[in-house]
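Read from first to last, the chains carry the letters A, B, C, D, E and F; within each, the first residue is number 1.
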Amino acid sequence: MRKYLWQKSMIMGSQINEFNEYRSKMNEVILSKDNLVIKRLWNLDANTYAEGALSTQTKEMLGLVASMVLRCDDCIKYHLGKCHEQGVTTEQVYEIFAVANIVGGTIVIPHTRRAAEYWEAILAAGQS
Amino acid sequence: MRKYLWQKSMIMGSQINEFNEYRSKMNEVILSKDNLVIKRLWNLDANTYAEGALSTQTKEMLGLVASMVLRCDDCIKYHLGKCHEQGVTTEQVYEIFAVANIVGGTIVIPHTRRAAEYWEAILAAGQS
Amino acid sequence: MRKYLWQKSMIMGSQINEFNEYRSKMNEVILSKDNLVIKRLWNLDANTYAEGALSTQTKEMLGLVASMVLRCDDCIKYHLGKCHEQGVTTEQVYEIFAVANIVGGTIVIPHTRRAAEYWEAILAAGQS
Amino acid sequence: MRKYLWQKSMIMGSQINEFNEYRSKMNEVILSKDNLVIKRLWNLDANTYAEGALSTQTKEMLGLVASMVLRCDDCIKYHLGKCHEQGVTTEQVYEIFAVANIVGGTIVIPHTRRAAEYWEAILAAGQS
Amino acid sequence: MRKYLWQKSMIMGSQINEFNEYRSKMNEVILSKDNLVIKRLWNLDANTYAEGALSTQTKEMLGLVASMVLRCDDCIKYHLGKCHEQGVTTEQVYEIFAVANIVGGTIVIPHTRRAAEYWEAILAAGQS
Amino acid sequence: MRKYLWQKSMIMGSQINEFNEYRSKMNEVILSKDNLVIKRLWNLDANTYAEGALSTQTKEMLGLVASMVLRCDDCIKYHLGKCHEQGVTTEQVYEIFAVANIVGGTIVIPHTRRAAEYWEAILAAGQS
């Protein structure tokens, strides 16, 4: 059983690694082209989620729900990772999923499935 | 000056009243047709924002940012009203606007203008 | 009472007339510019809803639900008019609204309100 | 030749199986979290397509066209399966594709390709 | 006739003025709140259309077509104004409309009507 | 080193080939069904990008930015290929990416990553 869980977390961890590696690799390619507008937008993106009148935790939850209703799987994965870092619980994540499904409709369900899978991967990686 | 502010708050209050009245009137028409799916979806919508693992305040902020990136002016107005009821401050509202503008792009700006106008109307009505 | 109903149907009829007149006027402006791609697309649009393996009635219902989930009020009005011509009943229209609200989420509700208002206008005009 | 067709239907059948298995597995994960809003929305989703003033067949066609213009591949696959169960013919399916392409534009074409592939898989699985 | 044209250009000019005035007024309200992310995004927005490897003219055409397929009437008006300043001709504007209608589908038509009306207003204002 | 570059261009070339082959194969399936509306729309699509008041190069750039803000990866790949054929440079492509990211928001970033990867593949294939 223990071995099985370890293997499962390896596979799930690989989903996270794959996502992060592709992201880093392509960010490097894009930034190497020195387009100022893109560079500044990306800096600004980082600032958006800084502590302010709202906490980073709240802002990451806002980023997650926005990504879900706009149905962007990679954006969802990114904000799920950040939400986990900010201590958002599974029950809270599912309440965010619920808001996204109600506001955005059943069209959001397939993205919720992939989000749920990635959240399990994050939890498994955190436990390993 | 005093009179001017009072008139301004009357006009702004009328924007809120107009929105609420049209909403109520048409909800009545729709519900009178007894479509069960619509009725249940609307009940469910109310439940979605109830206190839970996340507070109603946080959920209304999630509803607001989702409405903004999906660019639905009426949904934005509705959640701005609810956010105000939940004690969300102007500074916090603008941080939600910022997340929506970064995630959803400059295409969200015209909706941010109308949101800002409605928020001023809510504040003015609250002070009157 | 009779007079009231007549007046109501006049006002509602005017919503329909206004929509149709603006539509005709601007179509004329656009077509006067002789852009071939736009002209052909518009011809093709008319063909799309012709009787075929599916009836025009079914296709107009498809056009309506597509317009609703894409949240285009003018497209919704157009297809509501066509659905009425094709004998679609109020109960059926509301089942289409239900599918659109479930698939597209609560973000579709404000458009459903305006759709419901326009449908009442069509019914009132039909009775006058 | 016969063997080839059998193999082809095996491969295509596997696309259907893969889709259904992932769907079931993740639905189980999601429902295990006991989020009431999500559970009720999913129940409601099932009710939406029940026989009523419109037949289940018509409603599944509505669900298909809505999924296509919203460009959700998994939703398209789901409704293609349901349309097949309801006896919708290939010619009818392509008229739904046509409405979706006209209303939603050429941006729908890549989704139409994947839809066409999945429809062939359904037909092949039905013949095996 | 002369008087009629003059009046027409007055009315059309007023559509342009109304748009610009509301825009300025609300921009002022928003910027007065000192949200740094929004301020920087707006600065960045201005930089995006500066001369570079592509001319400002080309970039404004890109901004116009993007606004059309995303169906944002105010964004369309803004970029139509900029395109006019950059010397884009009516024939060219309609070729941009054509690309937007083909890529985005007939759902773009109602926005094309409003765009065509605003373009006439710009032309009329330019001639007055 | 030389061998490595050759292998890299083989792999990248295969991404292009895979895309084109799937596209051709499924277009064949779709066109074999003889749906007139789809056939005519596809013909019209080809006409849209023909030389006119705007050059084919400019129109392909319009098609690219429209595909990016609508977040359709396959459409992006198609127009990247066409832009390369029309002599659009890397610097120009990144200015189109910048417009798309500003107008459409950070939700466009994951699509920009895949677009950047495909553009590298096109460049590598062109050099081999």
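One rule holds for everything that comes next: contacts are C-beta pairs under 8 Å (C-beta built on N, C-alpha and C of every residue); 3 or more make two chains touch, one makes a residue touch a chain.
These figures come from a predicted structure and were not determined experimentally.
Contact with subunit B and subunit F alike is made by A, C, D, E.
Distance from the centre of subunit E peaks at D, each centre being the average of the chain's Cα atoms.
Ranked by distance of CA centroids from subunit B, the top chain is F. Contact count check for D-F and B-D (C-beta pairs in contact): higher for D-F.
Separation between the centroids of subunit B and subunit C, computed from CA atoms only, is 27 Å. Centres computed as Cα averages put subunit A at a distance of 40 Å from subunit C. Across the assembly, subunit C contributes 37, 41, 44-45, 48, 66-67, 69-70, 75, 91, 94-95, 98, 101-104, 106-107 as residues in contact with two or more other chains.
Taken as a contact graph, the chains are fully connected, with every chain touching every other chain.
Against subunit C, the residues of subunit A that register as touching in their complex are 69, 101-108.
Residue ranges of subunit E in contact with subunit B, taken from their complex: 22-23, 26-27, 29-30, 33, 35, 37-38, 41-42, 45, 66-67, 70, 72-75. Here subunit C touches subunit D in the complex through residues 44-45, 48-49, 52-54, 58-59, 61-63, 65-70, 75, 89, 91-92, 94-96, 98-100, 102-104, going by the rule given at the top. Of all the residues in subunit B, the ones that touch subunit E in their complex are 71, 90-91, 94-95, 97-98, 101-102, 106-107, 109-110, 112-114, 116-117, 120. On subunit C, the positions that touch subunit F within their shared complex are 36-37, 40-41, 44, 47-48.
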